[in-house]
Structures are given as structure tokens and as C-alpha cells.
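Next, two complexes with chain A in common: one pairs it with chain B, the other with chain C.
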Partner chain A sequence: MTLSYFVRRVFFLFLVVWTAATINFVLPHLAGRDPIKEQMLIQIASQGRTQADAEAMIRTYTRLFGLDRPLWEQYLTYIGNVMRLDFGYSINNYPRTVMDIIISRGRLTLPFVVVSIFISFTFGILLGAFLGWNRTPQWVSNLVVPPMLVLSSVPQFLVALVLIYFVAFRMRLLPMNGAYPRTMVEDWGSLTFWMGYAKHAILPILSMVLVDASGWALGMRAMMVTVEGEDYATFAEAKGLTTWRVFFRYLLRNALLPPLTGLAIRLGFIITGASLVESFFAYNGLGSTLGGAIGNFDYFLLYGIVTIMVMCIALATFVMDMIYPLLDPRISYKAQRG
Partner chain B sequence: MSNISRRDFLRVSTTAVAGALLAACGAPATEAPKVEPTAKPAEEKPAATATPKGPVRPVDAWPVGELPRNRTLIYYNNTPPNGNFALWGADPHQAGWAICQEPAAFYGVHGDKQYMWLAESYKYADDGKGLTVVFRKGIKWSDGTPFTANDVVWSMDTLKRVDGLQKAGNVKATVEKAEAVDDLTLKLTFNQVDWRFFFTSMTFRFDLGDNTLIQPKHYWSTVADDKLREDKFYDPAKGLPISTSPYGVGVSNEQYTNYDLRKSWWAVETGFVDKEPDVWRIQQQPFTNDTLAAQLLINKEIDHPLDLRPFVVASTLAQADHLSTWTGRKPPYGYVDWWPISVQFCTKKPPFDNPKVRWAVAYALNQQAIVDIGWSGAGTVAMSPFPAYPKLNALLDQIKDVTDKYNVLEFNLEKSAALMTEAGFTKDGEGFWVDKDGVRPDADVYAGVPLFGDIAPVVAEQLRQAGFYSQHKAPPDVWAAKVDGRASMFLFGHGGATIDPFDTLQLYQEANAAPMGEQSWGNITRWDDPEFAKARQEIKNTAPDDPKMVELFKKTMEIWYAALPDCPIVQWYHRIPVSNWYFTNWPDETNPYMNSALWHWTMLQVVLGLKATGNA
Partner chain C sequence: MNQPLLEIKDLKTYFYVKAGTVKAVDGVTLNLDPGVKMGLVGESGSGKTTMALAVMRMIKPPGTIQGKISLNGVDLVTLSNEEMRKARLSQISMIPQGAMNSLNPVARIRNQILDGLEDHGVKLSKSEANDRLAQLLQIVELPTKVADMYPHELSGGMKQRVTVAIAISMGPKLIIADEPTSALDVVIQRQVMETITRLVRELNLSMILIGHDMGLMAQSVERLAVMYAGKLAETGGVKEMFADPLHPYTQKMISSLPVLGRRGVFEGIQGIPPSVINPPPGCLFAARCPKVIAGTCQEISPALREVRPGRWVSCHLYN
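Our next item is the complex of A and B:
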């Protein structure tokens, strides 16, 4: 890896984050909506707040959130905040800060999403490789591929609904909702808490794994068919290498690169990628928070979550750019010359 | 940069990823002592009728640890506040922590009953420009400090002094001076006549109004004015939030908030109430969706959800004998909320700037069919912008000549067509109304889901049948569409007359009726009328029980009906299935001591009425 390559990629990383952050700032403003006024309208309509009260509140909160300042000034403040990862107060949850909300809700979602992504990926890749391998009996493919085709096309939340209905509601085998038992307090240092969290995470993880793993498997199966026809695969077999050595070292490994790119992108959505599933299981996590922020036009919460999301994606892509040549020696850090 | 071998990279990266994951998930966030999960509930047993002898309530530790499920009331509500009890800054509407507040009085409209609470009595000045309130002896804050009238004076002065605090409107607009005559007596001087102040600003009813939240002066006077809004007022170890309520906050996080019964309560100590509540803990959990709420109710995992759609309620009741609603197990499954729904018009936008067109819409609507199709009959129609409450019904009965003359419930397509023709419209080849330029007027019905998802399509279809080119629209910014005038017609309710019509009439204020091009968020129909404004002002200056009220009411409603800024369609219902497994004596139509919504300011009264069954 060359220093100039590294520097270029870091520069590109910052460029992506800055561009995305700017779009993130501009788009909500283009909508021409006033989040403070909308909140007050809802309050007037839903609780009989008086006009005088609402006007005073609008004045105060517009000033408090800096929405009375010129747009360029708001933008500069915003970019500064992005750099410090300090997005100020949430409009709808005032006086809670955006970062407080992101951390306290994100930590409920993150563990189960990470686990489900890695289980889905590992299981899906191995299954797909096995199904695409020319030594796998045909009846296995006939048996496994059709259900996988169905599962990969079904939204995760639908699987979640089915699991909730049968496993949690009817059979009462696992909890229906919540990130952990509501007789416990959140304590990530306690094994009992971890066990409670894990038990509650089984159904959400299963909802994601059943769908995601099928997707990974179908993709990997197609890749295996491609690499099996390559000269190096034929040569490896001709050399008399063991079947499993050919499978793992020559076929699976060479077919792995596109799925790994997909994994990096998937990891970029780690914060909000399970929004519907977490919502159905009442995790009160970041995905549903993002939905709420969009619906209520909570500028600052929206800025915070989207910026973190963009950073995750940019960082994941950056890491993949860095490690591609380490995973596959055919890829070089040096620029291609014509 | 030196080369890194692939094997080294894979080893190091695997270790790093594992370490990072552990670190990310390993940050402890302990907020209260650890407690073990409660035991799984045993098999069903018949409900006991009397409060059983149960385990002794642990009172020495705060926050309280584990408590039995059969003394824990679980309500499935809006997002728990997670430590945000910022009384002055956070929007307290339906936030769930109303249980921590006690007002001067409560009011339950269905039983038409006022419960004098912190206050013992009140009396208006003869000219309506003042109010004297006498509080009970022996009231104490949760930290033991005596409650006095000075706390109320300080709360009101703060609302007047500091801009932009929650629930400041009435006090700012009306109170000239608040003074404590002695520890128990509050004297208010108003800058205008106000016969409703005690009701609108000191009485909890539903989730309405600018109730002054009476706060402990000894705590808040130590906080700088500019920090009032930001103070979250939460620290269980220090007993925050301080209140006079029997319930304090034990644990509050993203998953739930526990409101636990405190060791002592002034009302029991003074003999004002007989005994401490049967409910030892109220746990607020975040609401997800109707389906999950129904499943949790059936499995006895929650006791009280938000209000559900009629079809869901019917199906839920059919699957569990331990559930009931306000009307038992029969429709409409709920009580009338203060929010009657109308088809509202943007009255400054053609063609709905013409009252004839508005009445043409009214004649095109069949309200009973809306109830029958949209709610499967589980509801009632509305013939005015007022909720069907005893005192308002009595007033409406006295202006029957007006409501008969302007009968919005009349479904008459011929009259509708005649009015449209008079307004200059003709029908095109497909049978839709067009103006003189051949353009179909915008008649889309804006209405958010899920609130209106069941009735809005019926309304739109009825309008199509009458020749209006209409469809139901529910964009994500449906609220904004009403305010900025994009929506020509929309479904919406009226906030919040309960015992007297003034609160609803003041929705149509001329000062808030913005012209097109501006957001009109105070008066969303943008309708105003100088004669109506004059009559409304007279109502404001008249006591609700003054005999003059009927004549004034008639005058305003005659103007309102003739103009018809919105067309009433249905009464709004709260359909809340409740579980009788762990707690009984929920309020219902036979025992309407309070409306049963626990997300309302009145939740303390509901909780005090509950009786533990002792069921496991």
C-alpha cells in the first residue's frame, strides 16, 4: 500500500462525508417546512394549547435552535457540529441531545444487527458455495433453492410478523417484544442482562437471518458457478488436490470478493438497516427513531442519524478499499497504466 | 508504507473487530439496582373480587427493586421519557408522566364530576376579574417539604417571567398578579374577565389545556431562569422529580419507565384518601402497533394500550375473556373523546371559499354510512363541532331550531347538485363537477393514517358519488398540507370544549386566519366573521352557567352553521381494551369516574380507582 493511495482515499472519504452532510442539510430546508411551527400546530390541535402560548413557544424555540439565523450561518454551524459529532438538541425530545438519543437507542439495536449480519453472511456464503458446487447432488439444490428464493423475496418484517404470531404469541416460547426483560435495568456489564438481551434477540435475529442468508446464498451460488469454469479451478483438480482443498482454497475464496463488497455496504447500514424489524419487536432503536425524525421533521435528529449513517457507509467503503489487495493478490494499490 | 502480509492482516483484523464489538456493547449504563426477572405467570385462575393479602410492599429502598406483576400496572403508551422530565421545556403532552402531577382539581366529563384535589375550594371575584383558591392542609412534597400557596405563586410568576415555557399561555394572557394571602390561600388578580380560569388552568381534564403544573419552589428557585427549560428534573437517587403525587420515578430508560409508589403520600397521611393505591408500580412501555398491542393484551403482558381501531378491538375481545372496554364487550367499545371530526375546508381557496360549495359537500356526505362502513357501526355521527357531552348537549338542545334549520346530517344529493349548479359548476362527461373553464376543482380529502385510515376513503368515495373529483390523500407531511393551504379539504378534530363551547369557538379566531400564501396554523380553516368574533368575545366574558349563554351560543352557531367552515361527520372515540386480570374496577359507562386513557392528565384518578385481584 502506498502512502499517496492512502492519502487519496482519506481525502475521498472526507469529500464523501462532506457532500452527503451538505445534501443532508439542504434537502430538509428545500421542503419549506417549519418544524417548530408544525410541532405547535400539533399541540394546538391535540391539547387545546392557546394561540398566545404557541406564539411565545415558537419564538423561543426558533431562537433556541438557531432557526431564525440566515441559512448560511445555520450551515456553517451545522458543518462544525458534524465535525464534533455534536448535533445539539432534538426538537421533539428537547432537552435531550441528539447524540444522547443516538447512543442510548443505538446500543440496543447494534448488537443484534451485527450478530444477524455475520450469521447471515457466514451461513449464506457457505450454503451458497455448497449449492453452487458441481459435486453437490442435484436433489439438494432442488430441495433448498426454492424456499430460499421465496425467503429472499420476502421483507424481513413480514417474517418477523409470522415469527411473532406463531413462536411468541401462540406458543409463548420467546418474548414478543422489547430489547430485554422489563424487570431488568440496562446493564451491559451483567451476564444476566446479556442472557435476557440474547433471549429477546432470537426472534429479531431469526427474522433477519432467514431473509438475508437466502440472499447471500443465492448470490454466492451464482459466483461459484462462474469460478468453477476458471482455468485455475480446472488446474487445481487436475493437480489432484483434495476435494475440500479445491472447494475452500480455490473456489470459495475466489468467489468471495463480490459478497465481501456487499457485506461492507451492508455494514454501512448497520445503524438503520433493521428499522422495521426493530420496530415490530419494540426495540425503540435507531431505525424507528429515524422514521419518527422524518415524520416529525426533527431537523437535528435527522442530521445526526443520517450523518452517522453516511459516515458508517463511507468508512466501510474506505476499509474495503484498503483491504481488497490484502484479500486478493490480483488487486494492486498501484494505479493501472494504459 | 511497508507491506502487510495477508495472514497478519486477517489475524489482526479479526481480533480488532471482536474487540471493537465487545467494547461497543460493553458500556455499562446502570441507572438503578439490578433486579432479577419476575417468575413466569402460572396458569389462569378466576379473578378474585376483593383486594387480596399479598406480599408486603418494600418501602425502604428507593428506587424500588423487584415488585410482583400483580401489583404492576403495565401501560403500552408513547415512547417512555427516558429520564426527560423537563417540566418547563419538554412537551408534556401524553408523555406518560402525568402520574407525577397533582392539580388543584380533576374533572371527569362522562360522570360530570369535579374532584377537588390539592385545592379545597375556589371563588371568583364578583366581576370575574379575580379568583381565590384555598388549598388543603397537610399537603407535602415528596421530599417532605410542606406545600404552600407560595409554590403556586412561584409557578405562575415563573410562567409569566420566563418566555417560552410549556403551558404558559393562559397565565401570561390572564394573570396580572398572583399572591399568597397565607400558606393555604392563593389570590389571583386578572387583567380581563375570566370565568374559566380555574377550569382551564388549574383543573386536569383529559389531555387538554394550559394547566399550570404546580412546582416545588424550593427546588426550582435554585435553577437559573435560562436553565429552566434544560433541567431534566430526573435523578432517582435524589428523589427527583419532586412532586406531591404518590408516585415517583424509579427507573427511566428507552425500554420503559417505572413510576413507583412512594413510601408515604400526604393524602393518606391527612386522611383525605382512605388507603394507599393498590397499584405499586406503573410501567410505561413504548407502543409499537395495534396488532402487537392486541397480542400483548391477550397474553396478559400489558394491562392498557393506546386506543385501537374498532376492528382490532372486536377481534381482540373475541380472543380473551379477561378484557373489556368502556362499553363492556359491545360496540362502540369506547367513550366519546373531546375531538369530534369534521371535513374541514380551506375557506380562502376556491371553490371552498363559497359557502354554497361547502354545503354541497355537507349534503353529499352520509355520516351514518361513514360510521357503518368505516367503523363497522362502532361509533356515532356528529352534528356539531362539539363533543357529545352532557352540558354541551344540553346547550345544543336549546338551539334545536338552529340545528334543525342547518341540518348537516341531511344526506341529499339533489340539494348538493342544486347548490353546485348555483355556484356555477356543471358536470363533465364522466359526471364530475367542473368550473366554467372545464376544470375539476380539487376535492381531495387529506387525512393522516392510521387515525383516519378507516373513514377517510369512505368520505372520498361519497364525494365521488356526488360528482366531486375526490380521493383520500395521506402524504407524510399531511399536517403541513393543512396549514399551508395545499389541502382544500381535510379531516380534523376540534380542541377541546368540554363543559362550555368557548374552547371550540376560539379555534375560529380572525387574528389567526392567515391569507393564502401563508401558513395558517392557529385557525386551519382560515374562516373568520366579524359578527361571529363579536359574539364569541361576549361568550368569553360570560360565565358558563350564566342564563345569557344560551342566547349567545345560538347567535354564534347560527353564523357558524350558515358559513359552515367545516362539516361535522363523526364523534371521536377512545376505544381502549383493558385487562381485568391483575386489576379491576376500570372506569366504564356504568362507573364513569374518569375517562380511562392513562396517557391523559387524569391518569392518577384512574389508577386510584383500580383494585388488585391478586391473580398470579
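Our next item is the complex of A and C:
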């Protein structure tokens, strides 16, 4: 790997995050709304404070959030803070910091989302490769593909609903909702808590995997058919290679490249990618927090989550850029620009 | 009397598709003696590639293979899948059509050569493998360092040389080269072809060279087989066939070749090749044939007959 490629990619990573952060900073100023004032007015209306009280509060908060200083100073402070992942306080949940909220909500969903993305991908790719393989009997495809077409095109929450109804409600095999048993307190250091979490995560994972794996499998199946039509597939067989070597080293290995890019994109959307499933299983994770932040004009929380999302996407792209040349020699570290 | 190396008898390769039956190869019979190079020519879609794949037993469903294909007296059609797999590369090799893309884009040349050896039970230590690689690459006139390169780092001609190196790596008796140079430019085409013919001679291989370049055939092969719409129109020695083509289709093909010093418009063959999906009865060339015999050619399919020793033709004119 050439150093300049690496440096360029890192630079690009920062550029993306910086641009996103700047847009985040500029937008509210363009909108011409004052989130603090709005928030206070709501509180005044609901709690019957006096006008003088309210104005004093607004001044205090404005100073607290640094909104009384010149714009360029606010901007520099803001960028510096973003780079340290410090997004300030949540307007609605003051004095909790945005990062604190993101971590406490995010860690409820992140483990199960990560697990389901990797299970979906691995399972979907293998199944798709197998279904697209010209040695797989036709009836297998005829049997498996139609249900997969259906699954891949229904929303995850619909699958979740069916699973909740049959598995949790009728058969009572698994809990209906919640991130962990109601009798437990959140304690990520304890094994029993993890076990409880895992048990609650089975249905959410299953509903995500059924949908996502079908999608990966259908895409991979099409890729396999394409690769099998290539001359190198014909030549691999003409070389008298063993069936499994042809399958893994010549077909699957080549068909895997486009889905891997897809995986990077999927991982980029990791923190909010499961919003609907999460709200269906009452997880109170980042997806619903994001929704709430929009509804309550909690700008700082909103921008914190959005910035983290952008960072995830930029980071996933960066990692993919680093790995891809190792997987596909045609993409070289040297030739690429950007 | 010596036995032919390859004996194909009434080979039929049909694809059963929705639109009907594609009779891509329909009753081909031919023999190939050891050490002989045979050209297989015909218009695009006449079934040349399909026939090559059938001999390799690489036809996939919905395609089927019927007839007899024997190599050194062993009937390939009845071999088990595993026996057939081992026969590929060690008995028959194929250089597929489309030279530019026959190598796995994500693997080093080294592995692509060694894979074939390994799956035929050749066990090599690291240094033996290096020696073998260097030797194979040298035979096809490539530098040793090519072993550690990826296909995209090679030119078209170099890639095709690698393909040739792989094809001969297990010492097969027969090589089927499907338009091995058609994707290359003319100069490179010549050079690669020279390497292939040199190797075939040195290693005393038999070869089926598929193509439609009659000029190239005249230089490279001893025997010629002309295919038309899945059937064999004519076979024979290449000199004889150029001097005295029997089948009207062969006659047309040869007379449409440019000749040095002759000016004018070249004639070409009128009409379009027939579809091989649900072909009609009778001779499939009848519609384009200048010597069609009314009442016979459209109704009865002509059988392939040996009209002279080693000279076979399927045409009602020679009944």
C-alpha cells in the first residue's frame, strides 16, 4: 500500500466529516429559528413562569450554549468539539450531554444490529451463491426463490409483526418486546444481563435477517449467473479443477465483490438502519431518539446523531477503500484518485 | 492400422429451451488422428463452440449430449463426472473463445497454473513449483516474473500465452482452441498462433482449431471440417478442400476469399444463416444454395458420406 493513498483517504474522511459538520452548523442559522427561545416559550406556556424569569433563563441558557459569542468563534468551538465527539447538551434533557444519550441509546441496538447485518450477509451470500450455481438442481431454486422474493420486498417490521404474533404471543417462546427483561437493570458488565439481552434480541435479529439475507441472496444469485457466463468460469472448468475449487475460488470469489461494497454501505447506516424494527420491539434505541429529537426541536441531539451517522458512513467507506484493493487487484492503491 | 485419437460419432447437442429445441450440433461425425491439426470453420452460430464444449462434456442443462465421443478408445460420454474432470487438462485441454477474459481476474498467474496441476494430483514443493512455473512460462515465451502478476497487468497476447501454458501443463493429447486469437490484433495474432503451432508440433499434440479465418486455417492445419447450422457440411485435407471444394457452401466460402492480385467486389454468401431452433426438414443450406435440386434438397436431409478416402460431404449433389 502506498502511503499517499492512505493519506489521501484519511484526508478525504476528514473532509467528509468536516463538510457535514459545517452544514450542520450553518443550517440552523439559515433556518432563522432560535431553538432555546422556542424551548423556553413552550416551558413558559406549560409551567406558567413569569416573563422576567423566562428572559433570565433564556440569557443563561444562551450563554451556557455559547450562543452569545461571535459566529466565527462559535464555529471554531463547534468544529473542535465535533472532532472530540462532543456535541454539547441536549436541549430537552439538559444537563445530559448528547454523546451520553447517543451512547446509552445506541448500545441497546448496536449489538443486535451488527450481529444481524453479519448473519444476513454471510448467510445471504452463501445461499445466493449456491442458488446461482449451475450445478444446483433447478427445483431447489424453484422452491426457495419465490419466498425470498416476497421476503426481500416486504418491510422488516411486517416480518417482525408476524414473528411477534406467532413466536412471542401465541407460542410464548420468546419475549414480545424490550431490549432486556423488565426485572433487570441495564448492566453491560454482567453476563446474566447479556444473556437476557441476547434472548430479547432473537426476534429482532430474525426479522432483520429474514429480510436482509433474502436481499443479499437474490443479488448474489444474479452475480453468480453473471460470473458463470465469463470465460474464466468456462476455462476453470476446462482446467479440470475440483468442483469446490471452481465454486469458491473462481465463482464465489468474483461474485462477492459487488455485494461487499453493498455491505460497506449497509454498515455505514448501522446506527439508524433498524429504526422500525427497534420501535416495533420497543427498544428505545437511536432510531426512535432521532425521531424524538426531530419532533422536539432538540437541535443539538439531532445534529449529534446526524453527525455520528455521517461519520459512520465515511468510516465504512474508508475501511472499504483500504480493504478493496486487497480483494480486487484491478483496483490499485496507486491509480485511484480522490 | 492406427486408431484415431478422437472419434466423434453422430454427436447431437440439443438445448431444450422455451422457444423449442435448439439443435446446436446435430449429428456430427468425424475422426482425428494422433498428431493431426484440424480446422473447424463455419459461420458464427453454426455450433463450433457448442461442439467443443460437448467434447469437453461441459454442456449444462437444458443442453444434452447424445452420440459417441471417444478419446483413445475411451468413451467420454460414459465416464463418471470425476473421471471426466480428471480427463480435462490431462487428456484434452480447451482454450476458450475470448482470449482477453479466460483468466481469473483476482488470482495471480502462479496460482492459476498451479491450481490445475494440484487438482490432477501433482504435488510440488515450493521450489519445484517455481521451477515448473518458470519452465511452462518459458515454453510460451513469457518471462518468469509473469507468475507473480495478475491478469490485468498482462497484454492480451500475454494472457493468451498464459492460457496456452495452462492448457499444456498436464501434457494432454488433444487441444481444442476456440478462436484462440480472434480477440487479438493481427500482429499479436500471428505471434501467438506461431507459438501454438510450434508447441503442437514439438509436443506432438492433436489440435482442433476453431475459427472462421480461412487464411489462418490454410497456414495452420492439415485437415478442415466445415460446419453449417449444426451439421458437418464437408471434411477433408485442407489442400484438397481449397483446390476442389465439393459442398456448395464450401465453394462459396472459398470463392469469397480475397486473392492477391485480383480486383473487384468480393461476393460473400447471400442470405442469412438459418435458425437452429426447431430447424425445418431437408438441407438447411437449400435456401441459399445456388445448386439446389428442386424437390429433393428441401425435403430430405443429406447424409454425410465418404465420397473419397478421407473426404466426407453431406450434399445431394454427390449421391
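Things worth noting here:
Just so we're on the same page, the second predicted complex is superposed on the first by the 282 of 338 C-alpha atoms of A that agree within 3 Å, B and C clash if a C-alpha of one lies under 4 Å from a C-alpha of the other, contacts with A are read in each partner's own complex, and residues count from 1 in each chain.
Everything below uses one rule, namely that a residue touches a chain if its C-beta (ideal position, glycine included) is under 8 Å from a C-beta of that chain, and two chains touch if they have at least 3 such contacts.
No experiment lies behind these values; they were computed from the predicted model shown.
In the superposed pair of complexes, A:327 makes contact with chain B and with chain C alike.
When both complexes are overlaid on chain A, the residue A:9 reaches neither chain B nor chain C.
Of the two partner chains, chain C is the only one touched by A:249; chain B is not. Legend: residue contacts after superposition of the two complexes on their common chain; A:69 is shown touching neither chain B nor chain C.
Residue contacts after overlaying the shared chain place A:176 against chain B, while chain C stays out of touching range.
In the superposition on chain A, A:238 contacts chain C only, with no contact to chain B.
Shared contact residues of chain A, touching chain B in one structure and chain C in the other: 327, 329. Across the interface of their complex, chain A is touched by residues 53, 56, 58, 60-61, 85-90, 93-98, 100-107, 115-116, 119-120, 150, 152, 163, 166, 170 of chain C. Taken together, the chain A residues at the contact with chain C in this complex read 134, 138, 230-232, 234-243, 245, 249-250, 253-254, 257, 327-330.
Taken in their complex, chain A has these residues touching chain B: 1-3, 6, 31, 33-34, 37-54, 56-57, 59-61, 64, 92-96, 104-105, 107-108, 110-111, 114, 161, 164-165, 168-169, 172, 176-190, 192-193, 196, 279-282, 284, 294-295, 297, 323, 326-327, 329. On chain B, the positions that touch chain A within their shared complex are 1, 3-4, 6, 9-10, 13, 21, 24-38, 66, 74, 79, 82, 84, 86, 89-91, 93-94, 163-164, 166-170, 172-173, 207-210, 229-232, 251, 253-256, 283, 285-286, 288-289, 291-292, 295-296, 298-299, 301, 476-477, 479-480, 483, 492-493, 495-496, 503, 509, 511-512, 519, 521-522, 524.
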